[in-house]
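As structure tokens, the structure follows; a few thoughts come after it.
By written order: A, B, C, D and E. Residues from 1 in each chain.
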């Protein structure tokens, strides 16, 4: 156990040792083990966007085992996926990499901005998961329902030593499209997840747009020009750094942009990347090379 | 136990032996026993379309015993029906053919695109069923509720050794009528059922229409001209073949079309047919002859 | 489903279709399937007598898979064993042969005439078993406790479609050593199991000794000189034949004695043999030959 | 994951991935990680013999943190202790070494041969434990009660992904003092634990004494002169090697005897040592040196 | 919060903030608040010895309010009593002093060495108690039952933020009368309470007698001549000081003896006194004077 990880765990002072052991497992896993940084592979895009949009660019990725193996071979911190994806590989890869059971999901045809609960804490236990993952959509009409769902799931998870990861994605309601990625909105969404008791908070990298009129004053005079500074602000919004915050890369994009994101997350004090489509939609060789470089960035070698 | 069945069961690596035994029972039953192919008789049309539309074409079919006997005599893999239909024959035919309790149903007068939960896992146990069956309507406004219902039922079923079959029928919401049968939509719907933890996935045979604008790129350049290729794609979308997928024939149609469907399912690597109206709305003699030929097709004899 | 099996199932008129399906599975399994006769392989001697006394005569039998395979290859009706033995093979052999989970067991050092409950109905469900098995010791000081235990277990099993097999072995209390095998005692013990709601009753082949002074009059004038007649009386004591009764062979003995027992059981209308040590303590080749002949006897060919 | 560990996990074919992940954690931990061998540090002697007898020889051992640190620094596989001992260190050492919660304990003044249940599966979950540990005393008057206690605890543990370790220590009733360590008795006790569904079985190294008259024949002609051969027999008695078996060293003794025991366990195919007093009653320096050598023995280097 | 209290709370590393808050309440209460020392007033003698033996020497003590007021006025740390005693004053004195609900009690006519559970964790919550108190009798025939009772109560208490105090009083079975107060026995009893998960351990001040033959060697060469050294050993036996240990004074005795006990507890590093009869059987004036002096001793002023 390194000082970096000990310092992070100390932030979770009200949690029982079971939760801390699972946080420690993720923080001590893989090539970033012990650094306090994490790279997580999430594969819930099949649910969100359908299998062809997700996996056709790299057909071996249709196989759930592919992702377990990629996460293990690349030396990642954890692998996150919905129930069926984990059920299809949890036995073969038992104990080889911490898993995060994504317990709610939406899909491309959803007619309201919400998600269905698709798995339980009991599923997480029987599948040997270290955490549950849950998406909330701050701003959406149904956000109160989503918050109440994660409240119940998270309370149960905490009592049995399972950690909680909240994907906090502002969307819907009064939010403009630009607003979804605004700095004030992203920091607010991250803070809301922290307030809901998340152990790990997953948000998108924010732009320098400030969406809320009422918040403009608070941001006035600040220098939000660099992504690293914006990352630092989000981290600040998560209990002044007492909570782990990882950033998602969004849609597939050029490798250089992905690497720059990682450098900015690192420089801003973020805890790492949760990176799905940008890896599994590339060939395995390319994905391994990209993940190798991302890890090198977090290790300060690039 | 044949190598074909063993290979299929190996895909259910997280399931307990009780679930695997029930999957094995269906896969080892009847004339296709051991081949990894299945023909299932579903009789829930009475609920969906009313008794006269369902059974008047062949009045003996009003009697629940008729369907048990047909499925047994034709050497099918399993018989699926709602609670009352199974209660009316489960004693007489106990142990003679695996049964699937259809635990939700809609009807012709439904004012929203949803189904009512009409039976429980306890019912499945007391009636000696091998599986529960559940319909979801991806695309519908209520799909999140349906997914949450099957999540609970399926978790309970898995814990007591009962398998789960999901009927995944895109419908409602933003989907066009053509879209309901589109290849991208069908593959997505099948994938969604797999992600929800289904052991057996039942979908309709898709057309070569691509419904979703965002998905067109993923299908570009592919050859989707034959039904067998489309079946193969749906199977790929179900964890690269790790899940059993059976296809429904839809409305009653000509025998030749039914046979061609079976050949295409076979050639595309699908696991079989779930065929209701096309058999029980014919005379028993015709139905037996049709099923005999379908089985011969799956056996590679036709 | 044969008339013989249908007639047997008709005796279980209060049971739900789930229980009947599991009885039917055992009655339709293997080479005796459909005849109404059964040969069951029980391997709980490791618990009762220790591993070396049980398996040293034929060392491959130390492996739990050995017994599953023997029962399957010999075409038997079911395989019965304690929790650990079934857990060690239930996945590999899922769906290949009905299993009976022996849910209580004693051991060689027991200081009272009783058994420990070692498994539950939930275990039976998750392991895909068709029945639970339970021993009672009529005559023992603790028999009321044992009866109350099986009452609870059996009620739960019946509600979820699992059958109940009672091993009824008179022992302890006021019974003499000869009395344990006495005809009146054996018939009484079998009747007691039937009264407790057993679906299948397992007793030892009785001698012509009459143990109870008060019962002598009832047996006076009867001809109990042949084993077949005594078998017929035990069967009569089990609701005039409405319950399945199988007989255990006891300690390992000569093959001819084993065959004669089977002939007597058959001729007396018993439903078969539950035969452990006499098979698995022989080499696999000898055991297969012996079981082949026993089955031939029950088929009326020997 | 090494082939050795994969082969071991395959023996637990009926367990869910959660249980397998916890078994894998212990088998992949520390310096023996991946070899299929384990060295476990158990510290329940304070309960069994009192604090002074346990810790006065090496006073730093009064501190619960001492044992966590020793197990971690020595590169052991797991650390086992009662509730209070784990509560006093589980937060500080969260995620650093797999822990086994000993859920029953006796003490020096016990007036019957039994133990008190002192912790629950819920405790194991909140403390982040990989397994529960439970002692049974085959031979004791109360052994049926003990077996029924572990049956309930183990069923609950298995359902939530926690492994079960059974300490099987013959004692009491008809057993002679020599008999407690007899080969036949030890093999029987180990087999009984396996039948009760234990994942890991802990027994004492047996002598070549054969205690049971009825078992003598089964051991006749065998060569039981070496400890390695006796270890091999115990392993055989645990489902022909399908279960992990670790051996305890008993009372503190000379280092050479401890090393010879480890060599014999290794040569007989045992899975390792569970070694308490022989390490923590020595100075930390001596204990580290001893554990270093024991590990080297299991690595085949000594 | 003082450094002394922080250091003590750090020993309870697996407990939730609710439990720690209640421990902190007791440690920050009254005139010893912040010192890490405690004086607790226990009034369960009415249950143990009857009202007249308990209260006739100072009749105002028949009134439950008397004891609340005494504990408050004397500036004590907490007040401990059975259900009825607390119910009779918990409203009037709500929030004025931490209370400990004694949840089991014996009485003068008990025919076995055990206690009745007389209150629940729910009672503790509704009465606003900071802890439950429970007596175990190590050595007694029924000690396993008592341990299992406190295991359940303590687990429930911990989950709702209530602390646990165990009175560990060796008695019965093989223990001699002298043995009940022996140093080895007292240290063992205290250790056992710690292992059972007690937050605060209450034992009697031990004599220098060593009761257990097997333990003599561990105590050989030690200097146990002073009470302070014996207190230090008991504290060592409680996880090397990681647990709070308070000592009871036993039967009413002279004031000087009481003061000397307090000095010895203080000098040995014990955490304080739990003192009942010696105060409430004196007049209020005398009791106040005595408690004033005891507190001065713990403050190092006497």
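Assume a contact is a pair of C-beta atoms (placed from the backbone, for glycine too) under 8 Å apart; a residue touches a chain by one contact, two chains touch by 3 or more.
These numbers were taken from a predicted model, which means no experiment stands behind them.
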Interface residue overlap between copies chain A and chain D, same or different (over half shared): same
Greatest separation from chain B - chain, by CA centre: E
Pair exhibiting more inter-chain C-beta contacts, B-C or B-D: B-C
Option in B-C, A-D or A-B whose residue-number contact pairs overlap D-E by over half: A-B
Between chain C and its twin chain E, rotation from the CA superposition, multiple of 5 degrees: 145
Centre distance in Å when chain B and chain C are each reduced to the mean of their C-alpha atoms: 39
Whole-Å gap between the CA centroids of chain B and chain E: 67
Between chain A and chain E, centroid-to-centroid distance (C-alpha), Å: 49
Residues of chain A touching at least two other chains: 16-17, 90-91, 122, 126-127, 159
Pairwise touch network: line, ring, star, complete, or other: other
Contact pairs between chains, per stated definition: A-B, A-D, A-E, B-C, B-D, C-D, D-E
Of chain C, residues touching chain D in the complex: 46-47, 49-53, 56-57, 59, 62-64, 82-92, 105, 107-112, 114-120, 122-123, 126-127
Contact set on chain B toward chain D in their complex: 13-14, 16-17, 159
Of all residues in chain D, those that touch chain A in their complex: 1, 9, 16-25, 27-28, 90-91, 93-96, 122, 125-129, 159-161
Contacting residues of chain D [partner chain C, same complex]: 11-15, 138-141, 143-145, 147-148, 151, 155, 170, 173-175, 184, 187-188, 191-192, 194-198, 212, 214-215, 217-219, 222, 233, 236-237, 239-240, 242-243
